[in-house]
Amino acid sequence: MKWFWCLFFAFWPILGIAVCLVAPGYGWWFPGPAASPLGQRIDDLFYMILIITTLTFIGTQIGLAYVLFTGARRTDPDVQEKAWFSHGSHELEVIWSVAPAFILLFIALYQLDVWADYRVKDLFPHEKMEGLLSEGLHQKRDEHDNMHLAEVTARQFEWRIRYPGFDEDGNLLPLEREPQPTDLYDVNDLHLPASAPVMIMLKSQDVQHSFFLPELRVKQDAVPGLVIPVWFEATKKGEYALTCAELCGWGHYKMKARLVAESDEEFLEYLRELHRKQFFDGVVEAESEEDEDE
Amino acid sequence: MSHAPAKPAVHMGLPLPNSKLGMWLFLGTEIMFFTAFIGTYIVLYFGSPGWPTDNNITHLKIWAGGTNTFVLLASSYFVVVAHEAMAAKNYKKAWNFLALTMTLAFLFLGIKGIEYKGKFDHHILPGQIPETSLQAIRQVEGKLEGYVNETTDRLVPGDDPVHIKLLNVSTEAGETKDPDKKRQLDDLGLITAEFNRFRAEVSANTLELEEAQQRIENLHHLAVVKLKDGREITGAYFPEEPPKDAHAGHGEAEGEAKHAHRRETGDVSLHRPEVAKETRLILESNSNTAEDGSVQVSHQWVVLSPGDVEEVHHVGEGVEHIHIQSVIPYGNLFASMYFLMTGFHAIHVLVGMTLFVFPLLRGSRLDASWADWVENSGLYWHFVDLVWIFLFPLLYIVPGNI
Amino acid sequence: MSEISHDTGSHAHDDTHHYVNYFLIFIALCICTGISVLFDVFKGGIPKSALVFGVMAVAVAKALFVMTYFMHLKFEGAWKFIILAPTAILAVGLMIALAPDMAMHYYTNDAPQVKWVGGEHAEEVAETEHSEHSEHQHEHGGH
Amino acid sequence: MSSATTTAPESGHGHHHHNPEDRLALLKQIWMFSTDHKVIGIQFLVTTLLMLMVGGALALGVRWQLAFPWENMPFFGLLFPTEGGQISPEAYTMLFTMHATVMIFLVIIPVLAGAFGNFLIPLMIGADDMAFPILNALSYWFMWPAIFCFGASFFFGGGPGNGWTSYPVLSAVPEAAPGSGFAQFFWLMGVTLVGVSSMMGSVNYMTTIINMRAPGMTLFRMPLTIWGMFITAILQAFALPVLTAAGFMLVSDRMLGTCFFIPSGMVINNADPTVGGGQPLLWQHLFWFYSHPAVYIMLLPAMGMVSDMLACCCRKPIFGYKPMVYSMAAIAGLGFIVWGHHMFTSGMNPALGMTFMISTVMIALPSAVKVFNWIGTIWGGRPEFNTVFLNCVAFVSMFIVGGLSGIFMAAVPVDIYIHDTYFIVAHFHYVLFGATLFGVFGAVHFWFPKMFGRRMDETLGKWHFFLTFIGFNGTFFPMHLLGVAGMPRRYADPYLHPYLENLLPMNQFMTICACLMGFAQFILLFNFAYSLFKGQKAGMNPWLANGLEWVAPSPPGHGNFAAVPTVYRGPYEYSAPERDDDHWLQTEPPKSSPVPEPPKPEPTPDSAPVGEDTGSSS
């Protein structure tokens, strides 16, 4: 029976690793490769830690299996051997304290810059964002204007999105902190350019939510009372899932929205369309209703 | 401890009785408990752009805090003396000093009670302080609505919802035989009409804080004035000299500006004309139904001499307790912190007092077996004192200076 | 707690410590309290930071007096450090750790009263508050 | 009972006085207000095992919904006859909230500190009882109002649907979770009462361990179980008051109109805008200041008990006793400064995030040292593959997984992605169930003879272990993959989102495994009840272990020891070469001095060895 248990404990880590190896084939893995440069760095970090932990896992499990097997052998009726009377080994303790310490310290320090790039305001890619706004979108800008392209306000249980509007000449205005009469609104449908990093203001209207773009590896809580800037960059055009990752009430699972990353022109055209709908003077009512149905 | 006293102490450990060690460890946990409160207070204070620091606004009384500090220090001293007396086997003295401590504890709570009463009187209570002008106006609107609904419910019997009952107020007033009740219903009708006008303006968002304040003041003075010439005027009635302008500090220019603004919107009701002393002044409101069916209200100041007035029936007395509260940004947070910290401190005072009750109840039978009890509850009492030593400057003196 | 067996221990312990004039300590504490009240009285004449520092220093001094003498810590063994040091470190550490998030806002604080306090109304508020208050008093006095 | 010096180990069936009447008398005491630490320990054990079944049932409800969303739920569905047996999303939030609440506050914390802490501490250090027996009894009886409060919260509307973390503003404003009005209040009161109970326990344990050790039981002769309990008590004593304070603030936010955690201007569920100026992040800080150390509260005693059991089962001294103690102290010390890693995506200051990240990564170090030492303990041992040993090996093996997956979320950038996904769920189940509960199962089997004088059935025990282990890994290992696939926690219906649709079969597989695991627990309960009356009689020392508890009768009478035992060595001197036996009781005097030396007087406070751990745990 003891051999059975030895095999039992040796078998399951092998099974675990096997499952992990086949999982990507069944789609039980990341929802696609990271669709943003920062996401790729996060993935790289994930795989690096995965390799380190897998090696440690294999090492410790082999060690465990080994000591179990030798222990089991020692209890055979014909081996009347006493257990090894040892209170430990100073050298071993030092080795297995210092070696992991260096590895852990390496992991801790290695990742700092990814975190800093993601969250420290001074390290945001301001220049690229500025370039997108003034050249790509031809936005008329002062130096003091912020670089947000949209304001996302989470509420139970939807995402409300506010875009800047156009001035009389049809130029895109900067997005102000306070709502403006020219602003454009949409719900659960976030359109943004894919050509450069973009930044949004994240707010909450009621409770805490979390802005989660799985394919882009972006997650940031929307904290009531705070306006949090979030930047990300979609590397290719397309639709991405936008979900809520912080419990926000019974309908938490329903906060389903999408991020549409598109070209600058498509984005501007989308805003113009919003503008047309929103400031439609209501003369041809039937037509506008049809528009909304679409 | 478990062993018999005759045996030498054979257990390992510290040269302390378990009870004292346990008390010290417990005090460690208590320190963390108050750390959470004090830490919360400190970080929220710094995190709020405008903590209310004017003691006139927050009704913090520094003399009360200072006296209480002194009271607690004295009680702490008495406990120490009591403990010493226990050690010296002078149980009578110990009892007396414990009793003194108890008295001071009551004194502490009494002073605390006076402070709390001041806060209650001025509604410096968590959740009840408006922090922007809009909130102040909305709050008074809610209070007025509460008054109207409550009075309606009281005066009009039946199970109908309040808004149905309100429609029936005038009918009821016409039908009732009881003159007293009729007058009450009439009053209610007048107040409701004023309230509805107030509310309409609030929801239209055209009301500034000081205008709202004037409105409420007018409402307080709402009266039905019967004149000698038989006329009856309903409106805000100011019998004495015009009350001193509450907003004198704002200067003429601003007042003028406001005036102009109101004239534009066709409402001249808000600024009382300057009249001589001993003149009665009443704001008359006339409502006319316009062609399109909407009700238009016009206001007009009527100046009366005392001789004109035959009888005054004050309608606004019922709502005189309803005021617009001072706007205190971050006042709720202040009130929350104040009551939380002092409240939990007061609970600890009560617990300490409970601890002292037991030896006090022993009376003249207090003996050596209570020495540990007195020492440990003394330790607890000193801790209560310690907390207050920090609460006093943090709550009363430091705010506004950093 | 009232077991007789403890008495021997605690009394033996009590006998070892020195006589303390508790009344003197009490007077010192009262003087300290007086000083902190004086700080408040002469608010105008002292730099604000000095005032805060002074008041808190007085509070710490009072706390130390109470702990050393009233709570007999002066006469206790080394265990007092073992119990109190971690507590003190944790207590201070918690506040320090809370400060970057709660006391300093890395992200924009978005609340109506922030606009009210910091924005256009800033001066007006101060004034209206004051006048409202006096009016308040007046009304209450009138009744 | 003879004194410790003459105590000979007895194998199998002992001669002394435990007959069925004794056990019945013991059982009767369970229902009474007893101040005996053993009875209180057993009371805690029975209560928590029952609560384990409740918490497990709630978990199965959650699993059912994830595997068969919106299909009629067996058993739980009966509570929702109007929906035709479907559960509502509100009920789903209540299910996972209460599952976590019951498991954390009513199972794991009380089973470790309450049940085993109470039963073992006085026995293992050679005391006759706790320092404050009445306080001890109160700490048990405060559990019942807590259980009542948690129970009551079920019956108010939607129940407390805010997760066990109960983040404001959701939990602070009743309108935010319609129907949770009084439920959330009762829930918070329940947490507070559990806190009071734990607080009384922890002060008691610390005093007992510091002051009531038998002569000769120096700090470094204490079994690791005692070290675990001691450090746990310290963690509880200094972290829990902060949560209690925060709990009071949250209650008053809900009930009294204060605004510590409610910012102003929030329009919640079309109610009036909130008034206030508080900060929701404050709760998260205060909550995790306790609840992160609580994770170690839920782990350290199990680590200690597993160390004791492994040494005994392998007939071998613990490998690196002092490193084990130091790493426990280090875990506790670091455990106080890592709470922020629960808030990496919460909008915390990035600088604070970096600090917390480094401390979090470093806490893996003492955990690693412990794992290596456990493997070292088995290395060269002579293990008997009994239920106790199997559970202990499972503990080590599962803890490795839980510990390693922790490194992923310690890395903030990776945590940005996996935060609040099933990866987190996988991680903490591997630590709390995989490690702690397997340790507890082992401990139940190991100390059952001491509690009741009879052994638990080996065959049933092994079946229970086998099925639980399979079911456990089948349930929780795939959760890592769900997390990597980006499935957020607490979703009543993840398949609403297209990118999660292909995870349904895996969820169904996990649910089946969870049912298997749930079924296996009935074997444990049956074994427990059966062995109570029919189990093989155990003598004083059925495992031939060294600890002080094994020189007391099984079950120990009131006062535990006939005479105060004297301790001559540490508890792990198994297989010493100079002896014929492979064990060496702590109370057995050295051969060189047959006459026991008079016990050493108390050490002076300056040499008080407690300093080493309290100091570093700050």
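The chains carry the letters A, B, C and D, assigned in the order they are written, with residues numbered from 1 in each.
As a working rule, a residue touches a chain if its C-beta (ideal position, glycine included) is under 8 Å from a C-beta of that chain, and two chains touch if they have at least 3 such contacts.
Since the structure is predicted, the reported quantities are computational estimates derived from the model, not experimental observations.
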Checklist outcome for this item: Ranking C-D and B-C by C-beta pairs in contact puts on top B-C
Item to check | Most central chain, Cα average position | outcome: D
Next on the checklist: Roughly how far is chain C from chain D, centre to centre by C-alpha average, rounded to an integer in Å?
Outcome noted: 38
Checklist entry - So what's the Cα centroid distance for chain B and chain C, whole Å? => result 25
Item to check | Length of the line joining the C-alpha centres of chain A and chain B, rounded to whole Å | outcome: 47
Checklist entry - If you average the Cα atoms of chain A and of chain C to get two centres, how far apart are those centres in Å? => result 44
Next on the checklist: Two-or-more-chain contact residues of chain D, please, as numbers and ranges.
Outcome noted: 238, 242, 263-265, 277, 279, 281-282, 347, 350, 605, 608
Checklist entry - Which chain C residues reach two or more other chains? => result 77, 79, 83, 86-87, 90, 94, 98, 101-102, 104-107, 109-113
Checklist entry - Where does chain A touch two or more other chains at once, residue-wise? => result 223, 225-226, 228
Checklist outcome for this item: So the touching chain pairs work out to A-C, A-D, B-C, B-D, C-D
Checklist outcome for this item: As the complex stands, chain C meets chain D at residues 77-79, 81-83, 85-87, 89-90, 93-94, 97-98, 100-102, 104, 106-107, 110-113
Checklist outcome for this item: chain B residues touching chain C in their complex are 1, 3-5, 9, 14-20, 24-25, 28, 31-32, 35-36, 38-40, 42-47, 49-50, 54, 56-57, 62, 66, 69-70, 73-74, 76-77, 79-81, 84, 87, 121-122, 131-135, 209-210, 213, 246-250, 320, 323-324, 326-330, 368-373, 375-376, 378-379, 382-383, 385-386, 389-390, 392-394, 396-398, 401-402
Checklist outcome for this item: Listed in rising order, chain D residues that touch chain C in their complex are 234, 238, 242, 263-265, 273, 277, 279, 281-282, 285, 289, 336-337, 340, 347-352, 604-606, 608, 610-611, 614-615, 617-618
Checklist outcome for this item: Seen from chain C, its contact residues with chain B in the complex are 1-11, 13-14, 22-23, 25-26, 29-30, 33, 36-37, 39-40, 43, 48-49, 51-52, 55-56, 58-59, 62-63, 66-67, 69-71, 77, 79-80, 83-84, 86-87, 90-91, 94-95, 98-99, 101-105, 109, 112-114, 116-118, 121, 125, 127-133, 135-136, 139-140, 143
Checklist entry - Across the complex, what residues on chain B touch chain D? => result 1-3, 8-16, 18-19, 21-22, 25-26, 28-30, 32-37, 40, 43-44, 47-48, 125-131, 135, 138, 329-330, 332-333, 335-337, 339-340, 344
